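The following blocks contain the structures, represented as C-alpha cells.
Each of the two complexes below includes subunit A, the first together with subunit B, the second together with subunit C.
On to the complex of A and B.
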C-alpha cells in the first residue's frame, strides 16, 4: 500500500464508528417506520414475501375500518382524560410539596424526601395486589378515577421537582420573606414562574407514565367503553390478529399521541432525565 | 403544602406496601376468606417448578439486557459526543423514541416483525441463508426474542444520560491526559469512564429494577409460553393474582421479587462504590 492508500484507510477507519452509530440509530427507528408504513398498506401487501421496504400501494382502508367499526376514538378520549388529569395533579401537587422540602425549614423534610426516594425503587409488584383490593373496596375498579388517583401518587414527581427547586437561588424569596408573604403565596407568585422548564419536563413524564401503565389498566378496567387506548388496542389486536393491516393501523393510532409529544417535547425528556439522574 | 401528595402516597403506596407484606402471610383468594397462615405461601411457591422457571428467565433477561445495553449506549454516546448538535440530537432521539412509545404499540409491531412466514426478521435471516425461525412460538427462541425487543427499548435512557455525563467532563482533564501522551482510547478508559461512574451506577440500579418487572411484552407476545419458556416473575405474579385469583400467593411472589431486587441493588451499590474514591 502506498501512503495515499494508508491515509484513505485511516480516514475510513476513523469514520467507521460514526457510520455504525448512524446505522444503529436508523435500525432503532425501523420498527416504528415499519409499523406506520404498513398501516397504510392493504392487508395483502403486508403479507407479501419478500416484504417491500417502501410503500408499494396506499390505502386508508385500515383506518376507515378502525374509526368505523371500533371505539378507538372513545378509548383515545379515555386515555387523554386519565393522562391529562393525572399529569396536572402530579405537577401541581409535587411542586407544592417540593418547595418546602427544598427551600423552607420544615421539620422532617429529610424523612419525607427519603420516603419519596424509597418508593421510587420499591417495585410495584409488592403492592399491586393490595392496591387492587383497596380500589375494589373503594368501588373504584372499572372507573377512570381508579387509574388517575394511583398515578398521581408518583414519588418521582416530588423527587424531580425538589432536585430542580434546590438549584433556584434562595435570594429570590428573601424580599418576599421580609414582606411577610406566606409560603403558599411565594410558591404561586415567585417559584412557579421560575420552574417552568421542570414543570414541562415533569408534565411530559407524568403523561407518558400514566398513558403506558398497561398492567394497572389491564387489572382495573373491565368494561369495553372504559378501556384506555393501549388497553383497547391490545384487546383489538387479539381479535384482529389475522389482518396485519388492521393491527398495525391500531398500533399506529395508539402510538400517535405519544409520537406527537415526542416530536414536540423531546428537549423535556432530555432535561428531565438529566436532572433526575445526575443530581440523584 | 406537603400534605396533599403525601396523603396520596400514604393511601396508594405506603399502606398497600405494608398490606402486601401482610397478605403474603395469609391464605387469601377471590373465593375464600382471609386467614393467617404464616409462611405457607412461600413454601408453596418455593416448591412450584414454574416459579423457579420464572425466576431463572427473569435473571437471564436482566443479565442479557442490562450490561449489554449500558455498554452499547456508552459506546454510542462516546462516538457522538464531539459531533455536531444536530447529529447528537438525531442519535439521542432515535434511540429514545422506542422508550416513549407504549410497549403495547411496540408489541404489536414486533409480533409482525417476528411473524414466522411474513415477518421481516425471517426475511433478513433468509438473506444470510438461515432457515426461518418460529421466533415467539418456539421454546428455544421465545426468550431470545423478548431479550432482543427489550435490548432495543433499553438504549434510549442510557444514551441520553451518558451523552449528558460525557458532555459534563471538563475539557482540561482530557488536555492533561493528552500532555501525558494518552491516546484517545486511553483518555476514554482513564478519564471518561471514571468520571461518569455515578451515571453508570444510577443506570445499573434503575435498569435492573425496571428489567426485573418485564411484563407487557410477555403478556402480549407469548403469554409466558410456549410451555413456560418466557415465564417471568411479574407475569407469574399477574397470573396467580388475576387469572387464578390467589391474592395471598401473589403477594408472596411480590415480596420475593422485592427482596431479590433489593439484594441485587445493594450488591451493585457496594461493588461499584468500593473503588470510587478519587
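On to the complex of A and C.
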C-alpha cells in the first residue's frame, strides 16, 4: 500500500464516524419526518401499501378538525400547567435536597442518597395503587394538582443535582461561610448560579417526564376539561379505527412545546448530560 | 477569594435571576389560571329545562343525584354525550351524569386502579375481560332484577347469548352487544408460501390443527411476514384470552373457580390449539397497546397469514380494501378455529355492556341502573340507532361496503356460541401457555414453570381428547 492509498484510507476512516452519526440521526429523525408529513395528509394516505416516504396528498383537514372539533388548546394548557409547575418544583426541591447531601456534614447523608437511588429503580406499578389512594385521601383525584404533587419528589432529580453539586469546589461555600452567609443564602446566591447547567438539564428532563406521564394522567383524570394533551390525543383513537391523520396532527402540535423547551434550554441540557462524567 | 465572593453575593447572576423571575411569573400565571379554570366543567352534563321534558312528571320530585359514568367506544364520545343530554333532559332531570369517555390505551390500568382505590364509577362500559374479576371482587351489583322488569326487552338477545353476561350464574351486565372471535386468513400468503392446499374448505370453512400449524409455520418463513397475528398476547389480557378455550357452555373450572379443570372435549380442543400456537415455530407481531392496532395494520398491509380477532376488525379490513389503503393483493377469508379432526370448530363470543357498582348509596346505584336500562332495554329507537344495540356484527355493519354474505357467515358460525371464562384467580397451566406465547415478545422469562404446566395439561387433557 503506497502513501497515497494510506492517506485515502485515513480520510475514509476519519469520515466513518461522521457517516455513522448521519445515519443514526436520519434513523432518529425518520419517525419525526413521518409524523410531520402525515399530519398534512388525509388518513387514507397515511396507510398506503407499500408505505410512501414522501407526501402524495396535502390537506389541512387534520388540523382543522383538531382546532375546530377538539379542545386541543385546553389540553395543551393543562399539559403546560402541569409540566411547568412540576418541573419548577422538581428543580428547586431536588437542588434543595442535593445541597446538604453533597456539601454539608449531614448524619446519614450517604444512606439517604442511597435510599433515593433505590427509589429510582422501583417500578411504577409497585406504588401505583397506594399513591392513588393517597391522592384520593387528599381529594386530589381528577385534579391537576394530583398530577403535580407526586412528581415533585423525583429521586432522579436529587441524583442528578447531587452529582453535579459534588463537582463544585467546597471552597466557594467555605468562603461564603467566612463572610457570614447563611445556608439559605448560599443555596440561592452561590449554588444555584453555579449549577445552572444542571438546573437547565433537570428542568428539561422533569418537563418531559411530566409531559409524557400518560398512565398516571389517565388514572387520575376523568373530566374532559382536565385532560392533558397525551390524554386528549388518546381519545382520538377508537377501538377499531384510528384516524392517523388526526392523531399525527395532534402529536405534531404536542411536540412543539417540547421543541421550544429543548431549544431554550439546549445549552444547559447538553452540559447536563455530562454531569458526573468527569471527576474534578 | 473572600472579597470576590462578597462581591458575588451582592451581585448574583443577572441572567439566572431574570430567567427565574420570568419562569416564576409564568408559573404564577399558570397557577392562577389552573386554579380558576379547573372546576368549571367544559361540557354540560345535564339539562334541567322542564320544557324540554317529554316524559310525564313524577308525582314526587326525586332527590338530585350525581353519577359517574365511564364508557369506551359503544358510541363516539359526542354521540354518547348526546344520549346522556337527552336522558337527563327528558327522562331523569334529577340526575347529573359525569361522563368520561375512556381511551382504550391503558383502560385496564384506569379501571383496576379505580377498583383498588375506591373510585370505581357508578356505571362502567365493560367487556368480558373486565366483568369477571370485578364481579368476583364484589364491586358489581347483580342486575337480574332489572333485567326481569317488564319494560326490559331481552327478546332480541338470543337465548344462548344471555349467559354471556353471567358470572357463576348471576347476571352482572346490561348487554349492548356481543363480539365474535373469528380467524381471518390471507389466502395470498398461503399461495406464496406454497400451502394453498391448506386453505380451509370454502363450504364449511373448517380445517385441522395440523394444517393450521403447517400453514402458519410455512408463512412465517416468508420474508417480512408473520405466520400468526394474535390479539391479547399482552401482559394484561390473560383473563381475556381464556375465552378462546371455553366451549359450548361447558364449565372448565371447579366450584368457586379456584382450580382449572378440563371437563369437555370442546374446551380441551381450543386449549390444545393454544398449545399449538405456543409451541409452533410461527412468528407473531408483538402487540402494542390495548387495541393491538399494529397487528391489524400489519395484516392489512398483507404481512400476516392468519389473524384472530373479532368481526369488527373484519369490517375495518373490508373498509381498507374498499378505500385502497390495504395491500392490493390482500385476499381475506373468514374461517373457523381449527380442530383435531378438521370438523368446524366452535366460535368464541364475549359480551359488551354496562355494569353497575355495588354500593351502599342506593340512590346512586338505582340511578346508574336506570340509565343502563334506558340505554340497553331496546325501548328507545333513538338509543338503538346510536348503539346498534344487540346487533351482533355491530361494528362491521358500521362500515360501508362490507360484504354481508361474509357477515352472514359469521352469524352462521355463531350458532355454536361459547361463554367466556370467568374469575379464575390463578391457573398455572393456562398461564404457562400464555407466557409461552408471549415469551418471545416480552422479556424477562416467565415466572412459571411452563414445561411442568404443559406436562400437567397433557396428562389431564389426553383422556378428554379421545372423543370416541
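The rule is simple: the second predicted complex is superposed on the first by the 216 of 280 C-alpha atoms of A that agree within 3 Å, B and C clash if a C-alpha of one lies under 4 Å from a C-alpha of the other, contacts with A are read in each partner's own complex, and residues count from 1 in each chain.
Just so we're on the same page, a residue touches a chain if its C-beta (ideal position, glycine included) is under 8 Å from a C-beta of that chain, and two chains touch if they have at least 3 such contacts.
Since the structure is predicted, the reported quantities are computational estimates derived from the model, not experimental observations.
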Requested in this report: Determine, under the contact definition given at the top, whether A:155 touches first (subunit B), second (subunit C), both, or neither.
Outcome: first
Query raised in the report: Where does A:234 make contact in the superposed view: on subunit B (first), on subunit C (second), on both, or on neither?
Result: both
Query raised in the report: Touching A:21 in the superposition: subunit B (first), subunit C (second), both, neither?
Result: first
Query raised in the report: After lining up the shared chain so the two structures overlap, which partner does A:117 touch, if you call subunit B first and subunit C second: first, second, both or neither?
Result: neither
Query raised in the report: Is A:71 touching the first partner subunit B, the second partner subunit C, both, or neither of them?
Result: second
Report summary line: The answer to whether subunit B or subunit C touches more of subunit A is B
Requested in this report: Have a look at where A:176 lands relative to subunit B and subunit C in the superposition and call it first, second, both or neither.
Outcome: second
Query raised in the report: For A:215, is the partner it touches subunit B (first), subunit C (second), both, or none of the two (neither)?
Result: both
Requested in this report: Pick one for A:255: touches subunit B only (first), subunit C only (second), both, or neither.
Outcome: first
Query raised in the report: After superposition on the shared chain, which partner residues are touched by A:133: those of subunit B (first), subunit C (second), both, or neither?
Result: both
Requested in this report: Return the residues of subunit A at which the contacts from subunit B and from subunit C coincide.
Outcome: 47-50, 128-129, 132-133, 214-215, 218-219, 231, 234, 237, 241
Query raised in the report: Which positions of subunit A touch subunit B when the two form their complex?
Result: 17-18, 20-22, 24-26, 28-29, 31-32, 34-35, 38, 46-51, 93-94, 96-97, 99-101, 106, 112, 115-116, 119, 121-134, 149-150, 152-153, 155, 157-158, 183-184, 187, 208, 211-212, 214-215, 218-219, 230-231, 233-234, 237, 241, 244, 247-248, 250-252, 254-255, 258-259, 261-262, 266, 269-270, 273-274, 277-278, 280
Query raised in the report: Mind pulling up the subunit B residues that touch subunit A in the complex?
Result: 1-2, 4-6, 8-9, 11-17, 19-21, 23, 75-76, 79-80, 83, 89-98, 100-113, 115, 117-118, 120, 123, 152, 155, 157, 160-161, 164-165, 168, 198-199, 202-203, 205-206, 209, 212-213, 215-216, 219-220, 233-234, 237-238, 241-242, 247, 250-251, 253-255, 257-258, 261, 265
Query raised in the report: Which of the residues in subunit C end up touching subunit A in this complex?
Result: 1-2, 5-6, 8-9, 12-13, 16, 20, 23-24, 26-27, 30-31, 33-34, 37-38, 40-43, 68, 70, 72-73, 76-77, 98, 100-101, 103-106, 109-110, 113-114, 116-119, 291, 293, 297, 300-302, 312-313, 315-316, 320, 323-328, 395
Requested in this report: Can you check the complex and tell me which residues of subunit A touch subunit C?
Outcome: 44, 47-50, 71, 74, 77-78, 80-81, 84-85, 88, 128-129, 132-133, 136, 141, 143-144, 171-172, 175-176, 178-179, 181, 185, 188-190, 192-193, 196, 214-215, 218-219, 222-226, 231, 234-235, 237-242
